[in-house]
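In the two complexes below, chain A is the common chain; its partner is chain B in one and chain C in the other.
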Partner chain A sequence: MSEHHITPLKTYLAVAGTLFFLTAVTVWVSYFDFGSFNIIIAMGVATMKASIVALFFMHLLWDDKKNLTMFVMSLMFLGIFITVTLLDTGFRGGVNSEVEYPINNRATFYDSLPLTDTHGHPVDEHSADQHGEDEDHH
Partner chain B sequence: MSHDNSSPKFLQHHFHDVEQQYETAKLGMWAFILTEVLTFGGLFVAYVVYRSWYPEMFVGANLLLDVNKGLLNTIVLITSSLTMVLAVWAIQKKNQKLSLFMLIATFLFAFMFLGIKYLEYSHKFEVGQLPGEYYSYMGPEIAHLNNPHIFFSIYFIMTGLHGLHVAIGMGLIAWLIYATAKGNLNSEYYTPMEMIGIFWHLVDLIWIYLFPLFYLI
Partner chain C sequence: MAENQKQNYLTHPKGIMSWLLTLDHKRIGLMYLFGGIIFFFLGGVLALGMRLELAAPGNDFVSNDTYNNMYTLHGAIMIFLFIIPAIPGALGNILLPLMLGAKDVAFPRLNLASFYIYTIGALFVMYTIISGGVDTGWTFYTPYSTTSTSNVIPMTMGIFVIGFSSILTGLNFIATIHKMRIPGLTWYKLPLFVWALYGTSLVQITATPVIAITMVLLILERLLGIGIFDPALGGDPVLYQHFFWFYSHPAVYIMILPAFGIISEIIPVHSRKKVWGYKFIAFSTLSIAFIGFLVWGHHMFTSGQSVFSQIVFSFITYFVGIPTGVKIFSWMLTMYKGQVSFTPPMLYALSFLFLFTIGGLTGIFLGAVALDIHLHDTYFVVAHFHYVMQGGTIIAFLGGLHHWWPKSMGTMYNQTVASICCLGVFLGFNGTFFPQFLLGLRGMPRRYATYDQQFAELHNYSSFWSGILGLSIFISIMNLLWSLRKNNKLDPGTNPWGGMTLEWTHTTSPPHPHNFEEEPVLEHGPYDYDKVIVEPTFKK
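Let's look at the complex of A and B:
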């Protein structure tokens, strides 16, 4: 199989370097609040990284183009899947306002959940008393 | 059967020549990748739909995940992708020893990824940030949010299925280590290594989306 394209080592190292750089960018950017652009920026950077992985690491750039076509087709169908589903779930209120948020009520099991601290241990309003009782047990 | 005596022993009789066998394997691999994209695609649709229904809850709940561990896992997985591609590069360059070394490195990075994931999961089990009805975490930063158990249902299913892919990938890479050490794979015939490499890069590619979706935004 000597006729196969052998990518130079430099290319692979440059690709990995770019991926690390874009990872740093996406984490750094996440500390700023751009409102609804947060998602667009994060997905844009992720798509740049994914394209680099597919083209260079997965060799699609040098492959027979039928493989790239298949991969892009799968993404196109995923796009259709997302779009058509959102056309339903995003516009339910337009037909009948009662079904706009069919599942937006809080699940009933939350009614019986006690408030917890950041370690997941239950706390209640008399947290001072609770603390005293805890000490008695020890 | 039509092959003459000079054809290599790895060429199976139903293929015309080595090149056709290689291209067929690759096309089959990409057909598999297509089904993988659609499998994960269903879960991405679930994420998008629930995020559109509960925008504030998703923004609040992702703050409960540890960005540092997610970032570390991203770096580990990108590095493992690089070592995987270098394993294929080395065997193309007839350097089986380097290829073996890179495969072992890839295996260890995959193990590291699952180790970090285990630390994350065990913390979530401890504090009750669990899917569906098993959810019990009502900490001050999240008690006012609506239905955070949905975020953790999607988080555990997506990262769990991804983790399963990492584990399967480790098994495949272990087999590659064995086959390369035995000399069954060489610069003439390395198709399995390249195909498993494509699978491994897909695992990396999916994590590239999971990381910002769950940890950053």
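Let's look at the complex of A and C:
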């Protein structure tokens, strides 16, 4: 901490290169459909880029480790928020199945899309009716 | 030396600009106190107005719409403009550097900036009130808050802005506690109020950004219809509640942890006894701050969240009871065989123990899913959080104000009047809120301007005692202010309670503009009543 770290220009250029490369990767993977992994891949690449910026451009790698701890802690809190919220949205309908997926499937936003069941598989409206889950559909 | 002793931060330097542009943490603390008391008064008047309306069934004084505005503003003002900023902003600012032996906080300019940010946020709230109010309840739940025609945007903007004031104060305090302690003042020699402020500050800087995000999303949803919370656009209204309570549950600990700190100071000093379980109290503060982040879903048991997360949240909620119990028992053991004197601050601390314990235990009721589904949105919840927030935080705040008043203002209030007011607050408080537990158990819903005849007797009783409560608080504040009259100054060396922390032993009352004439040398721990004798001194 006491001595000031001076990063060589080479490192900066290498980091910039990596960032450009990862941007290209982001664009490239957007042409493929990985289903539910789309978001995970996109966020993964973005997280990698953000970490590189924080570690090298913002000097967290050479700074007092307390700063890194603070930074990681903030990510940890974000992690807590997202994971625990998923305990709600991922497990709805455990007791009353009618509340499992009503919001998204009935949203006007989704009207243009084919009707799907909870796993994203297309269903035709008549079979859904037989299960009594489709009363509100218009 | 004599000339130097006459100099104190209240009179030196002089002039209005020296206050408005001050970098002195004590003056900034007093400005926070002044702002906080104004909003406390405003919120209190709204509360008494509601109790007046509820004294009898039917719409006697105000319309339903006005009533909706009143409870929303009462909640929002009390929480965002009084309780959250008041203790860290006022007492924390005045005391933290004094307790550390420092000249000021780590970033004095940032400290002044955070006060002005708070003022700007308060102006937004005032604008909301003047332009017709807001009727969503202080929680701004969607979908009502995205469709209500009242002034949701200025109010939420105000809260957004005030959040930054909280973050900056928290950041400042953390830096101050890490970097500004005098040599020898190690972590385990810190006064417990400092530990409490440290825990509070950690929560402030980690949780407050989330309320800022939530308010921005709400404003964007209203203005642009971006569809985060609106199911018609693929959003999820329950997500709003996750966002809101991810901040607002930890915010409950932003409100109560400083109060714990105050009680941890008052009890050993007025019992003349070393605090029992110092490390237990210190670490229970940090564990409450951490567990507080994992329990937000217990506000949402009837929101339609999954049964699985209800069980998880209910289970984790019980863990909060452990560190809280550790504190209560430590305080009681501190008093055990101590030389307890029933001074006004101690009376407030004792009231706190009773009221907070009731508030905490009824929280355990509400943490149980099955019971909460029955009690949710009834007066049981209203009574519970008032026992915690008013019976806990505000009582501790009043206690702290009475404890450090001679230190910060250099005058002593009339102690008999203060003690009688404390009794009035205690009785008035229980008279107001205990009947509300019964009302809630019988099914009286919260936020209604009128009710069935069967609830009339308990409501009437509650309204009557709320008058006593309001009057007692008003007189106790007036009693403090009355002590500021001329020719009522204490001797600068006064230590009326015999406190052992640096602010009592090493500086004058009121303190020198630079806190200490020379850097204090630590001679003993904060509560070494078993090793050193510090006699209370009280002279005019």
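Here is the rule we go by: the second predicted complex is superposed on the first by the 98 of 138 C-alpha atoms of A that agree within 3 Å, B and C clash if a C-alpha of one lies under 4 Å from a C-alpha of the other, contacts with A are read in each partner's own complex, and residues count from 1 in each chain.
FYI, a residue touches a chain if its C-beta (ideal position, glycine included) is under 8 Å from a C-beta of that chain, and two chains touch if they have at least 3 such contacts.
Note that the structure is a prediction, hence the values are computed from the model and not measured.
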First (chain B), second (chain C), both or neither touched by A:20: first
Partner chain(s) touched by A:75 [first = chain B, second = chain C, both, neither]: first
Partner chain(s) touched by A:67 [first = chain B, second = chain C, both, neither]: first
Of chain C and chain B, partner touching more chain A residues: B
Touching partner for A:91 - first (chain B), second (chain C), both, neither: second
Overlap of chain C and chain B interfaces on chain A (superposed complexes): 73-74, 77, 81, 85, 89-90, 103-104, 106-107, 109-110
Residues on chain C engaged by chain A in the complex (per definition of touch): 206-207, 210, 227, 231-234, 236, 238-239, 242, 246, 293-294, 297, 304-309, 312
Of chain A, residues touching chain C in the complex: 73-74, 77, 80-81, 84-85, 87-95, 99, 103-104, 106-110
Residue numbers on chain A that touch chain B, as the complex places them: 1-4, 6-7, 9, 12-13, 15-16, 19-20, 23, 26-27, 30, 38-39, 42-43, 45-46, 49-50, 53-54, 57-59, 63-64, 66-67, 70-71, 73-75, 77-78, 81-82, 85-86, 89-90, 101, 103-104, 106-107, 109-110, 113-120
Chain B residues touching chain A - in the complex, by the definition given at the top: 18-19, 22-23, 26-27, 30-31, 33-34, 37-38, 41-42, 44-45, 48-49, 52-54, 67, 71, 74-75, 78-79, 81-82, 84-86, 89, 92-93, 126-129, 133, 135-141, 143, 146-147, 149, 187-190, 194, 197-198, 201-202, 204-205, 208-209, 211-213, 216-217
